[in-house]
Amino acid sequence: MVSNSYDTGRLNLPFVGICTFGKYPYRPDWEAIDADVAILGAPFDCGTQWRAGARFGPRGIREASTLFSFGHDGAYDHEDGVIYLSNDEVKIVDLGDADIVHTDTEASHANIEFGVRKILAANALPVVLGGDHSINIPCINAFDEDCARNGPIHIVQIDAHLDFVDVRHGVRYGHGNPMRRAAEKPYVSGLSQFGIRNVSSTTREGYEAARSMGSDILSVRQIRALGTGAVVGRVPVGARYYVTIDIDGFDPSIAPGTGTPSHGGFIYYEVLELLAALAKRGTVVGIDLVEVAPDYDHSGSTSTLAAQVLMNLIGRIMHARKK
Amino acid sequence: MVSNSYDTGRLNLPFVGICTFGKYPYRPDWEAIDADVAILGAPFDCGTQWRAGARFGPRGIREASTLFSFGHDGAYDHEDGVIYLSNDEVKIVDLGDADIVHTDTEASHANIEFGVRKILAANALPVVLGGDHSINIPCINAFDEDCARNGPIHIVQIDAHLDFVDVRHGVRYGHGNPMRRAAEKPYVSGLSQFGIRNVSSTTREGYEAARSMGSDILSVRQIRALGTGAVVGRVPVGARYYVTIDIDGFDPSIAPGTGTPSHGGFIYYEVLELLAALAKRGTVVGIDLVEVAPDYDHSGSTSTLAAQVLMNLIGRIMHARKK
Amino acid sequence: MVSNSYDTGRLNLPFVGICTFGKYPYRPDWEAIDADVAILGAPFDCGTQWRAGARFGPRGIREASTLFSFGHDGAYDHEDGVIYLSNDEVKIVDLGDADIVHTDTEASHANIEFGVRKILAANALPVVLGGDHSINIPCINAFDEDCARNGPIHIVQIDAHLDFVDVRHGVRYGHGNPMRRAAEKPYVSGLSQFGIRNVSSTTREGYEAARSMGSDILSVRQIRALGTGAVVGRVPVGARYYVTIDIDGFDPSIAPGTGTPSHGGFIYYEVLELLAALAKRGTVVGIDLVEVAPDYDHSGSTSTLAAQVLMNLIGRIMHARKK
Amino acid sequence: MVSNSYDTGRLNLPFVGICTFGKYPYRPDWEAIDADVAILGAPFDCGTQWRAGARFGPRGIREASTLFSFGHDGAYDHEDGVIYLSNDEVKIVDLGDADIVHTDTEASHANIEFGVRKILAANALPVVLGGDHSINIPCINAFDEDCARNGPIHIVQIDAHLDFVDVRHGVRYGHGNPMRRAAEKPYVSGLSQFGIRNVSSTTREGYEAARSMGSDILSVRQIRALGTGAVVGRVPVGARYYVTIDIDGFDPSIAPGTGTPSHGGFIYYEVLELLAALAKRGTVVGIDLVEVAPDYDHSGSTSTLAAQVLMNLIGRIMHARKK
Amino acid sequence: MVSNSYDTGRLNLPFVGICTFGKYPYRPDWEAIDADVAILGAPFDCGTQWRAGARFGPRGIREASTLFSFGHDGAYDHEDGVIYLSNDEVKIVDLGDADIVHTDTEASHANIEFGVRKILAANALPVVLGGDHSINIPCINAFDEDCARNGPIHIVQIDAHLDFVDVRHGVRYGHGNPMRRAAEKPYVSGLSQFGIRNVSSTTREGYEAARSMGSDILSVRQIRALGTGAVVGRVPVGARYYVTIDIDGFDPSIAPGTGTPSHGGFIYYEVLELLAALAKRGTVVGIDLVEVAPDYDHSGSTSTLAAQVLMNLIGRIMHARKK
Amino acid sequence: MVSNSYDTGRLNLPFVGICTFGKYPYRPDWEAIDADVAILGAPFDCGTQWRAGARFGPRGIREASTLFSFGHDGAYDHEDGVIYLSNDEVKIVDLGDADIVHTDTEASHANIEFGVRKILAANALPVVLGGDHSINIPCINAFDEDCARNGPIHIVQIDAHLDFVDVRHGVRYGHGNPMRRAAEKPYVSGLSQFGIRNVSSTTREGYEAARSMGSDILSVRQIRALGTGAVVGRVPVGARYYVTIDIDGFDPSIAPGTGTPSHGGFIYYEVLELLAALAKRGTVVGIDLVEVAPDYDHSGSTSTLAAQVLMNLIGRIMHARKK
């Protein structure tokens, strides 16, 4: 068995080669998805209320993800002694991006929804790279048939903002609305909203609506006080989880490259440990990571964070499934 | 007569004070505009096909414009010996920005149109700070009544791109469409499109349509070969001009902070001399300057250019009117 | 009662509109201040010993502060269930900037002092945006009459540096001197100097002088070891506090945009909790926040931090007063 | 005939999709190259004598090249009325990058040479994206068999520096040596070195050696004085040209993102017109474009320039072949 | 005794003067080193596997180090009451840089080794400023004679990556290899590898080899769980320590300016306290600090961190020796 | 004769070594200046009216100047066939910086004047690196004794701004005043002010005063229309010239890193040719180059320009003297 690319003649350093996610194969034919995990870019950012730029999120994350590709077969983590994502155990493909139509939110969202449906139809795990948080709306829309077959999903959100605005000035599908849209779905069984802090586009009425619709809202400080174990213990066990990660859930110190940064956020391991515990507690059936805006990310720190979180999360999900 | 702010006790260096355009008074009450020139921000950028960020154009231009405010009464130009924009001759106000509704192009454009109508109704010269070039569409829309009263307008465009796409994928009001939208108006008598070069969203069919609808298209090189005088001579004399300046008409060396830069553009004096000649050749009745994206403008050069062009253009227009 | 700007026809997204602090009204007439809180810019940075640039601090903070303005009436904090800064409870105005005279420290400081006196005379809370830390000197000077009427003030400083140099090479009014200048005032009853660490322009003799003049000096590590409660417990209860926040008291990870960064600083909640406790423990009668240098703040993190701290601090002070 | 991608259901805006050069198909199998033009990345930068970073040149150029891909079939140039690069006339593929072995110049160069040989064996035009200028050495090496069959090549270099150092301190294959290495080849019939100016690693002896080995050296000012026509007239007519473009041949105003910038360089149209004339005067059989260092290219201007030059040059070469 | 430079007529602010390390004297004559501590730059970065740029590390660190030079005699630390690095107790010189030969790893490393040997021969403490981590290889090589005389050294590494690759594709001396090279030395008695986390160029086999060759590997989380005291307690007491600090051992929030950042790293005081304890536990006989890449360090935070760590570490080492 | 540093064992690439100007020797003892040319830094920037930051100008220029140091003996210019600055013909030293006292313009200026006097007393050519343009004031002050011995000087200024403000708000020594201060000196025989354009701190009255005091003012466009020869012909022949170069005389496209950029400036060769002609027309006896602000110079273009201009100007001056 050939295990590493450098055994076949290429050293394949991170800075070499075309930037697909993790240097996994590019598969532009969405009718023939054959994979455990499928990456889809959703470069839409006209739902933003402050800085745009998340349209380049998929490109930024893809490029940063190559840093974690050293030509090895799998990624060894010395802290738990596991090799994650070995080629013979996990098959990952990159589908490219959904098509975006400027000035037209509806058409752009429809194209994203189309892609996620294709991934679900192929029984692969969708991992969607935003774009702004409004792209979560078509992602969740796409789960209706899947949930009809396999049961409802519970949303776990990592975010600084509640994103629970109903409608304001006619805006129902901006990046302040997705969690409200999700909560309205009959096949969404509940929401865990983690990291929420400080002022945002959601008013007190939005918070009250969220709680009344079954949301569990915790701030960063509340999560630190409770501890990871207790926090994860509040998420329904054995459920099907959809994980939506707004990069601004992290602290601006490590995620400056985003539209609406909010101080006092998570550090890396707080989120990783929470997500790792989640991967063991139930089944993660969908992921999106949104609001990475590379043009504000002068050192590349934010894109690197997004890639590092996704690589580790996918690895842990697939490792949990194997058992 | 008190002429300079430092005579009244303030040195008023450029870096001091609230950033209205040119430090002129802020007048949030649009029902009571009393001025020769009214500045309006139009921070909409969801019509972009490459980099967004022009939503911060009004703020960037306003801040840069304070560099040209040294507390003097008027700006002395030693090359022609004129003091432009003295307070007793020209009254300029800043109206703030039109309201923008994210995800909703139509509503955002309507708010811009509303503002321009208010300025025209007050008999002031509208100077609109974009935003992307799609904001030219509501600006031109707002001229219907004015033109019914005062006669048609001729559009003079400074731009790298023709922006003459009719409709594609349902997009009629993006930043690739404005000149087509303008050409369709019965009160637009013609277009002079200067600086057009290299590939863009307009196809050959778009160029042919433009020419058939009465557009005069010249590239930077063609303009250099002809000379400023000959170029201005092609613009109808004595007409009412609406000037739309896409900052990417300038060379990326001085205007890097824009969404879709195109090499081989104008240098500063080429445009200033052309506009100065225009101010003498007819009546400039409206101005927009679009596509300044400060987040890509690391040295501030682009915002400074936009402010410098506008200050000089407004000065020359007002000086011509005085005579 | 009209509560939100979007009820009156404007969505008023953060990126829209003129940049006054928090989009509060601009009041250039200092003779007619009618407010609970008055913002004053003090863009002086010639007191710096390393990087300048704090002259653009007021502009940077103002622009960042608009991120926290979503058109709501007040800011809801889900962690404590309070709506802060509702319009019917708190009136805030922005006075613009004090006039600065380059090459002349004395004249610049005098203009700042003049502004603070006007605010105090109007019984408003002065919130001064630096500028370098030397601008604290005229701020404290301005309190002489106020203290004669209302009693002395206790200084609470958040800073990496002690700023307790007496005179060196004739420099008495640079950014290394303000705490020494304050300690000399008969109406300054004491100083709490929090966050002080590593080498600075103050020598051992300066530390000894500070302690002998009644200063309580604590490093970040000492404060972490003591806990917020114990630290606040060392500040005289029920006193009148003047809070001076040098942004470099925070860690460079979140406050890189400053003149003299020092590693090992505070994270966001450490300072917020300390200030929130202070707002309840006595009466905050004056605030300055200094040393934000936007040109070194490529992601905007530092200006955002300054605005976020000020918005939350002002909210908590006003909330405490209400009770 | 389907001509545009938006006819088949995708608008395909420039910011959407995986970043291959010009969004042309990615073909990782180098044994089955079927194309008129083949793009190869050569991300080697350990031959640099000042700033490195050209290893990210291929990625930067590829990303920037997507700006010129608006989903059209071909690029219409209104100045000459030609549609370049229509899909039915020209087939372009992107091969990805040659493998680079850090610390090992020889192995890295061998891998680049291997790729160029594969392209030439497939009768495609090699377009190599550097990397530093040392990658020209393996490119020229790869032409030995091609030249044995088809005749010698004449090198046309656009550059600020002569790059004619023989050996110094054992360095024969750094970015100061390639033109000397090329001149030594029996199948290189001559060199035209255009844009050379100011001090560099080549000494007077290097200039004398170049001239004695048949090089025609012209500075930017000399070229401006002569005019494009006269300059191109000095290049042997009807020959097979290998074009090597060091991006620092351009002025730092438009190409700041490079290792060793030198003021006083070419503007865009000077080079484009020279290359366009060359494409008509003989047969361009190979191209490399080197020294783009995206990490110094904060506005993206340099990568955009590289992509714009290459797209236009390839278009003109293919157009000339068609006739 | 004259103690401060401002006593002799110069205020000597940090931004004034030539940038040697800490403004200590520049001594280009390596044959006459007369100092307790000697600084040597090693600007080699062709051993990198992702971003280069560490060649400018010595310049960046030197410039940042001037921030810690306020003209005082020594640096007072109020937390422990010590004045470190007073001129009468410690003599520090800056030797400039080792000569680097591009394209030639072996020659460059030999020049670095030569410099370190000169320092050791002069009985000074070598403090080497990288450059990438491969420059640790010649540093350790240079200790053979010193260790023959004075006994073996124990390596203490602060790093995100294990750097324990043996040979791959012929690469033995890149920045993924140095700890393996060190472990092979008979005069290296052991390694403490602190901060190691996430995927890197070292495979599981590399970790196993490291452990089998006597390495103690701890992640950041493991170190936090153990506590500084326990961690230092695992390092052999009373030994001769060589400290190698890869700046990426720190968190990207404070050290973004490096080639291969890895989230979840150390904060400032974690490392300082560990090194301070080490300085008391045995004898530090050599230091290198590597992988600072100033061109990715837009705010200067990383260079400042490197300088701050080195100034404090040298101070503590010299203070410990004094006793 | 040993001519190149690489003959003596060092390749001495530009990125290696301590950053003195041009890597020439550092001579901190100003009492023993033995050189033809002496470089002095004047890092004062509190005379600025917009962006500060020129205090880091000397460091930025010094670092950039190392790019032009390839270890050769002298710089060969193939356009005129001359080797400039060979070691056996010209001796250059770097004196470091004048001491700056923050908050104190007078003391800072006095220290600069002191340094220039020392250089003149040693019969060396002073080349002063600013700092803002106010540092020209002490430079000219220092020439009183020299002029008493050797005759008056004629000032040749390259600048966007006239800098001819007399006194305003008490400011006599800011960066808007130096040419007025110079014109007042009895030993200044006249001024040639080249490049002046657009609005600045000088009013019409200032222009009139300048002309009445013997100044010859020409804009960039006027100079282009006249041609270099005619322009230089207006400068008194055979005189002693003091050349003061404000980097903002150049176009912002190549000199963005400055405090008050003004579009429409000089390109590189326009200034070089003018200065080269001047070096032949009379005797250049002093030089300052001011207003380089590296923190706004993200690509390094401005510092590179400053270094390139100075290296070439010094070379041409020394070459002219030799004859």
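Labels A, B, C, D, E and F are assigned to the chains in the order they are written; within every chain, residues are numbered from 1.
Criterion: a residue touches a chain if its C-beta (ideal position, glycine included) is under 8 Å from a C-beta of that chain, and two chains touch if they have at least 3 such contacts.
Bear in mind that the values here come from a model prediction, so they are computed numbers and not experimental data.
Undergrad: From the centre of subunit E, which other chain's Cα mean sits the farthest off?
TA: B
Undergrad: Taking each chain's centre as its mean C-alpha position, how far apart are subunit E and subunit F in Å?
TA: About 39 Å, centre to centre.
Undergrad: Could you please state the distance in Å, as a whole number, between where the Cα atoms of subunit C are centred and where those of subunit E are centred?
TA: 38
Undergrad: Please set out, as single numbers or ranges, the residues of subunit A touching at least two other chains.
TA: Where subunit A meets two or more other chains at a single residue, that happens at 11, 13, 15, 49, 51, 55-56, 101-102, 169, 171, 251, 253-254, 296, 298.
Undergrad: So which chains end up touching which?
TA: A-B, A-C, A-D, A-E, B-C, B-D, B-F, C-E, C-F, D-E, D-F, E-F
Undergrad: Please name which positions on subunit B make contact with subunit A in the complex.
TA: The contact residues of subunit B facing subunit A are 45-49, 51-53, 55-56, 101-105, 107, 134, 169-171, 173-175, 295-296.
Undergrad: Taking the complex as given, what residues does subunit F use to touch subunit D?
TA: Residues 4, 6, 11, 13-15, 67-68, 70, 72, 75-79, 83, 251, 253-254, 267-269, 272, 298-301, 304-305, 308, 311-312.
Undergrad: Considering only the defined contacts, which subunit D positions touch subunit A in the complex?
TA: Touching subunit A from subunit D are residues 9-13, 15-20, 26, 41, 43, 55-56, 59, 62-63, 94, 96-102.
Undergrad: Give every residue of subunit D touching subunit F within the complex, in rising order.
TA: 49-51, 162, 168-169, 171, 196-201, 203-204, 207, 217, 219, 221-222, 251-254, 256-257, 260-264, 296-298
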